[in-house]
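Presented below is the structure to which this report refers.
We just call them A, B, C, D and E in the order they show up, numbering each chain from 1.
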Amino acid sequence: MSNEKKMFDGGKVIAGLIVFVILATFPFWYNHGKAAPIPEPKLTEKAKTEKVCILKKELMKSEHMQILNDWRNTVVRNTNRIYETPEGKRYDMSLSNTCLDCHSNKADFCDKCHNYVAVSPYCWDCHIEKPKETKE
Amino acid sequence: MKLEKLMKERNADLINAWFTSLIETYPANTSAFLKNQKDPFANPVGNAFRQGFKVIIDQIVEGIDHQSAVSALDPIVRIRAVQGFLPSQAVSFVFSIKKIIRQIFSKEIRENHLEDELTTIEMRIDELSLIAFNIYMECREKVFQLKANEVRDRTFKALRRAGLVCDLEQVESDLTEHN
Amino acid sequence: MNVNYISSLIMVILLFLIAYIGVEAGGLQVLFGIIIPYAALLTFIIGFIYKVVNWARSPVPFRIPSTCGQQKSLPWIKSAAFDNPSTGGGVLVRMAMEILFFRSLFRNTKCRLNEGPMLSYEWEKWLWLGAIVFHYSFLTVLIRHFRFFLEPVPVCFQWLEQLDGFLQVGVPGILLSGFALLAAVVYLFLRRVFIPQVRYISLASDYFPLFLLMGVAISGILMRYITKVDIVGVKELTMGLVTFHPTIPKTVGGIFYVHLFFISIFFAYFPFSKLMHLGGIFMSPTRNLANTNREIHHTNPWNYPVKVHTYDEYEDEFREKMIDVGLPVEKGIEAGTAQE
Amino acid sequence: MKSSRRRFLKIAGISALGIGAKPVVDLFAASGGHREAPEAKVYKNEKALKAKQWAMVIDTRKFKSSKDLEPIIEACHKIHNVPKMDNKRHEIKWIWEEEFHNAFPLQEARFLPERIEHLPFLVLCNQCENPPCVRACPTKATFKREDGIVLMDFHRCIGCRFCMAACPYGSRSFNFRDPRPFIKETNPKFPTRMKGVVEKCNFCEERLAIGQAPACVEASNGALIFGDLEDPGSPVRELLKTTFTIRRKQSLGTSPAVYYII
Amino acid sequence: MTDDLKPHELIANIQPRPPQTGWMNTPAVIRKGMFCYASNPKSVEILKLPNARGWNPLEEDWKLPKNWKEIVFEGLRQRLDRFRTFKLFMDICVRCGACADKCHFFIGTGDPKNMPVLRAELLRSVYRKDFTAAGKIFGTLAGARELTLDVLKEWWYYFFQCTECRRCSVFCPYGIDTAEITIMAREIFNLLGLNIDWIATPIANCYRTGNHLGIQPHAFKDMIDFFIDDIEEKIGIRVEPNINKKGADILFITPSGDVFADPGTYTAMGYLVLFHYLKEKYGLDVTWSTYASEGGNFGFFTSHETMKRLNAKMYAEAKRLGVKWILGGECGHMWRVIHQYMGTMNGPADFLEEPVSPITGTKFDNAKSTKMVHIAEFTADLIKHGKLDLDPSRNDNLIVTFHDSCNTSRGMGLLEEPRYVIKNVCKNFYEMPSNTIREQTFCCGSGSGLNAGENMDLRMIGGFPRANAVKYVHEKHGVNMLACICAIDRAVLPVSMDYWVPGVNVTGIHEMVANALNLPGQPKRTKNLRGEPLPGMEGDDE
């Protein structure tokens, strides 16, 4: 057959394939090959002086949402409010009064990673972001 | 009679067991379809079996009315007659109800000495099987008659009306050759 | 035990072990995090194009749509504009309904004869529902994952995620699509196992993608809700890939690489399998053609002349007999015989 | 923490995966990217006030006019970030004033003493011993704590408002709008609510937990008496022993824990 | 089952459930009553198709050419290159099973290989083995299998148990059309000389004499004359049809089956009466042709090429006779060919005019390229414009239901026109259940050249789903007449009705039209075209 090399309905097929390739490679050209900087959350002075959070940094990084969730259940349901770390340090289990007390810089701390991976936790719908009073 | 009463009570179980044993004569993949598809138009075969069994069980219990037995067996046998079964296979389903009755009521029969009643019931089933065989033969004869009619329509009518059909080898004559 | 699904399951377990052991014991992060994903994506795109072009090289010689409604004929008869389209627009709608809503699967009606003469109709819709849930949850999951590949993440992607996570139970928020995907895949698998007809027709290549996607979904759900993963690290890796500056973060563990490996295998397997129905559905001639062959001439590119029995040959054979019964002929007896 | 994870598993329906799921999960969990978080211990605050059934007695004899109630309401609403809505229909209230015939419609006699007729009554969530709202809640966002407080987990509230329909006292309010703009001065130590959530008085459980009496009690100059109903020595029981009190809509059988001295 | 089972095998067969093996490892058992006889070599030779020889499907040796595998592979390759449908349908099936229980043969026989998806898989498995990388590497795991003689026999058995009705295609999410796959398979069989005689002989006849039945021109004329006498005897009017008339307005082509076998003959008489009326009343000149005396096209069941060779006569004859356009009679697969293939294969027919009804002035825009109009469209248009003087009470003895032919409903969408005509010529009309009509119509069980005598069992069981729906309206509404617009239907449905639903007859719609039509100068009508007394005239038989 002489049509061996020909594409039939070529126009439509090529148009469809172009759409396919654009969609499949969307992330590549959307980012223009620029690697976005990896976020580095800033610590407040208060946090710096504390040196260590309730648990190790790595754990806090991946588990903080789970911890908050557990805290919430413990506090609201079981009326337990004191959390003792493996090291024996005790904390009031409260996002508003404990976590945000130290990490009072939402924009420079929380938002850094949250924005990077596009999660928008609804914590701040109710829990109040500290005014920038703890700058010192 | 005791057994008849029992059979009436467990009418639904009998129908189900019988139905299951019948559709198990089809490939496993098909039997589920025959069993589960309830739409009488999407699954006319399974539906015809179920409908027929209801009446037949009543017949076995209450005694055989020839006319109703024929009309209940006919749709089932009519289907099996053209599904490529051997004659014995096509009508074997009637006999399988014997086994099912013995299985379902084995305890009752033993304890209450219902063997005589069972014999009566089984005689009715035998009668049904003979009726089924009649129907089977009727259907097969019908199929052959239909074949013959088609041949006749295609040849004799043509001869009568025109008599001048182009004489390529006759398809129809092959009918006997291949048998 | 069915060899078809057992072999597929073993295959997927093997893939799991390869990736998990490769990363955790072999330290092959570069292989599983960089080389294989690039290779898979390349295979996917090139393979997909190759396959579609290969289909396109075969022409559509005849216009043979399956018509599922009234044709457009006389002006006073209402035609089924979409089930039997007569215009390009109609075809577009038909294809859209087919692709977006699985119109043909939805057509599965059955009617039930209740006791007595009443007929009632119902939809046999489980397959349709399973398919819809599967495809849409898969799409949602896929689009959601773009947050790992884009920086900054466009708001529309965030909206989708918010919609997906509307069920706000706890933190991290539950994203329904992941569970819907897993449930749908499990349903599609169980259906293959438990419906005898479907089990009979199912091949190992039908089970394999299901197990693979189960693996993808389970590993994803594990990472999000249970074992946890450092998603900043994950994004570091994914962004590295899409910006051609691949890096391997230290904080990301084996399960993530299993997830990535599974999905790489999925994309690499795609063009060589039935999964190509994604591209194929657009090209199906029984669906994407308007029912206009009597109205508009359709050309067959390889239409070749054939030997026919011409009228002249015919008349030559039967001329005498035709004349005998008074049928008109082209040539008289003399002319006809003179030729011979 | 582990146990709550298992519970989560159940809720999320992963168990639907079948019998095979758990060992797989354990395998992944045991060999994840990092080690499992260590078991942590949790305690109650040592200073926390404890009771079997918190109750309140409101001595209405000590109130003359609405003016007397204002500081009490103000104290509560301020620390709990209760917004002030202009639109009556959107009003949010934890503790508020009510006229006698609204507060006690079943007790109303044909003629009332003039004092009572015009006396403002302070009403709040009755923290019923048998709370109908708890039964109405489909998500268990409202529940009864072991100390008798009917509490809400705002995170869980889906805004279905079944509890509002179930509460015979109108003690619950619904956030038709985002409350934040309507809070004059926010208390950062206590969360606000969001649009689409129901709220109500929590008997200042957050204050009880650190050993403080409810804000209203503190601000009432002794008109509000607070204590454990089950403790015969509590001030509440002392009062109930000596004074005649009534409760709101007692016949409904909800058994309110707020008593009124008329 | 074959008839030479040993006693113990027989018992094993009655025992519930035969042992289960995968379909790939279960060779087909060619059962009596379920297949058609092999083609007569003489017929194959007339068309000069390859590998003509005598052979018997029941024998071990099918006398295949030595290089049969090469022929199959080369045939597949060529068809994959020529038909996007084929290539696509080989690749994209996901085996969802939506089609499985939609096939009348599966519903009736219960043979799992009659599920459309599996029927196609029979071929796909071989395609995978030899045309795809995955199949070559993974073999059975990818659903691939070797082409063996058993496989070929299985193909032959099952692709001649498909009537190409396309019902499965309606339900397929990708529109995979098993008919298309069956067509390709049958093309391959033809390369190996493995046609069935019920197809091979009609096409040979058609090629030579112009029609499937081999009616020579003078005999055709005789038959028409016979009809003329018959019509005169029954309704007292002598019609004068044209045959092979040059310069007529319209060429009329209908399946020869209607000229030959009852009850199609009554439909043929119906056409004659209608054309007579149109000529008397409006001067419309319609001619029949002996050269193009076949509307049907069994070439369609053989190969695209054969279809084209047979179809070419229609345009050739229209050109020779110098007509304006062509009118087609009631037929199923004839219309599939005309509607979806003719214009492409043998067109464009520029020598014809765009069809316009000379009586109503209606332009048949939907046929302006192919220039061929369906008589149901034509008649419906006449009725709509009040051009026919109809007395439907003459059909009062009929309680009618309508069977949609597969090809006109799923290959064309001709659904309302025939219903409109029926409702105007008779008063009692009832539809069958909705999942058995229109685009979901059930096949008669004998389409695509499977209406032979030797496969009567298959025909009966394949026709059962259709008959079952007829039985339902027969019992519920007393339906006694099954109307259809297909000559194969008219040939096979009476047989199927006779077996399943005695008491239901079969008719074409133009038989009913003719019975209802008041002809100019007609004497008092006492009989219908079948010679039965009209309702109310039962006593006045002279």
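FYI, a contact is a pair of C-beta atoms (placed from the backbone, for glycine too) under 8 Å apart; a residue touches a chain by one contact, two chains touch by 3 or more.
Remember, it's a predicted structure, so these values are computed and weren't measured experimentally.
S.K.: Need the central chain here, defined by C-alpha centroid distance to the all-chain C-alpha centroid.
M.R.: Given all protein C-alpha atoms shown, the central chain works out to be C.
S.K.: Once you count every C-beta pair in contact for both, which comes out on top, B-E or A-C?
M.R.: The comparison resolves to B-E.
S.K.: By CA centroid distance, what chain is farthest from chain A?
M.R.: Comparing chain centres, B lies farthest from chain A.
S.K.: Distance between chain A and chain E based on Cα centroids, please, to the nearest Å.
M.R.: 66
S.K.: Can you check how far apart chain B and chain E are, centre to centre, with Cα atoms defining each centre and the answer in Å?
M.R.: Chain centroid spacing, chain B to chain E, equals 31 Å.
S.K.: Just the number, please: Cα centre separation of chain A and chain C in whole Å.
M.R.: Measuring from centre to centre gives 35 Å for this pair.
S.K.: Where the CA atoms of chain C average out and where those of chain D average out, how many Å apart are those spots?
M.R.: 54
S.K.: If you look at chain B, which of its residues touch at least two other chains?
M.R.: In chain B, residues 28-31, 33, 37, 39-42 touch at least two other chains, as defined above.
S.K.: Touching two or more other chains, which residues of chain A qualify?
M.R.: In chain A, the residues touching two or more other chains are 1, 4, 8, 58, 62-63, 66, 69, 122.
S.K.: Any chance you could list the residues of chain C touching two or more other chains?
M.R.: 56-60, 110-111, 113, 168, 170, 195, 197, 200, 228-230, 251, 283, 302
S.K.: Touching chain B in the complex: which residues of chain E?
M.R.: Residues of chain E touching chain B: 1, 3, 5, 10, 13-14, 16-18, 20, 31-34, 37, 40, 42-43, 46, 56, 58, 100-101, 106-112, 197-198, 201, 204-205, 208-209, 213-216, 218-219, 222-223, 226, 260-262, 433, 435-436, 452-454, 456-458, 460-461, 464-465, 468-469, 472, 495, 498-500.
S.K.: Sort out for me which residues of chain D touch chain A in the complex.
M.R.: So the residues of chain D in touch with chain A come to 1, 4-5, 33-34, 37-38, 40-45, 48, 81, 143, 145-147, 151, 153-155, 186-194, 205, 209.
S.K.: So in the complex, which bits of chain C are touching chain A?
M.R.: Residues 41, 44-45, 48-49, 52-53, 56-60, 146-153, 157-158, 161-162, 168, 170-173, 228-232, 234-236, 239-240, 242-245, 251, 279, 282-283, 301-302 of chain C touch chain A in their complex.
S.K.: Give every residue of chain E touching chain C within the complex, in rising order.
M.R.: Per the touch definition, chain E meets chain C at residues 22-23, 48, 80-88, 91-98, 100-101, 112, 115, 117-118, 121, 132-134, 138, 140-143, 166, 169-177, 180, 207-210, 216-218, 221-222, 243-246, 290-291, 304-305, 308-309, 312-313, 316-317, 320, 338-341, 343-345, 347-348, 362, 364-370, 372, 377, 380-381, 384, 409-417, 420, 433-435, 438-440, 472, 476.
S.K.: Show which residues of chain A lie in contact with chain C when the two form their complex.
M.R.: Residues in contact with chain C: 1, 3-10, 13, 16-17, 20-21, 24-28, 30-31, 33-36, 38-39, 58, 61-63, 65-66, 68-69, 113, 115-123.
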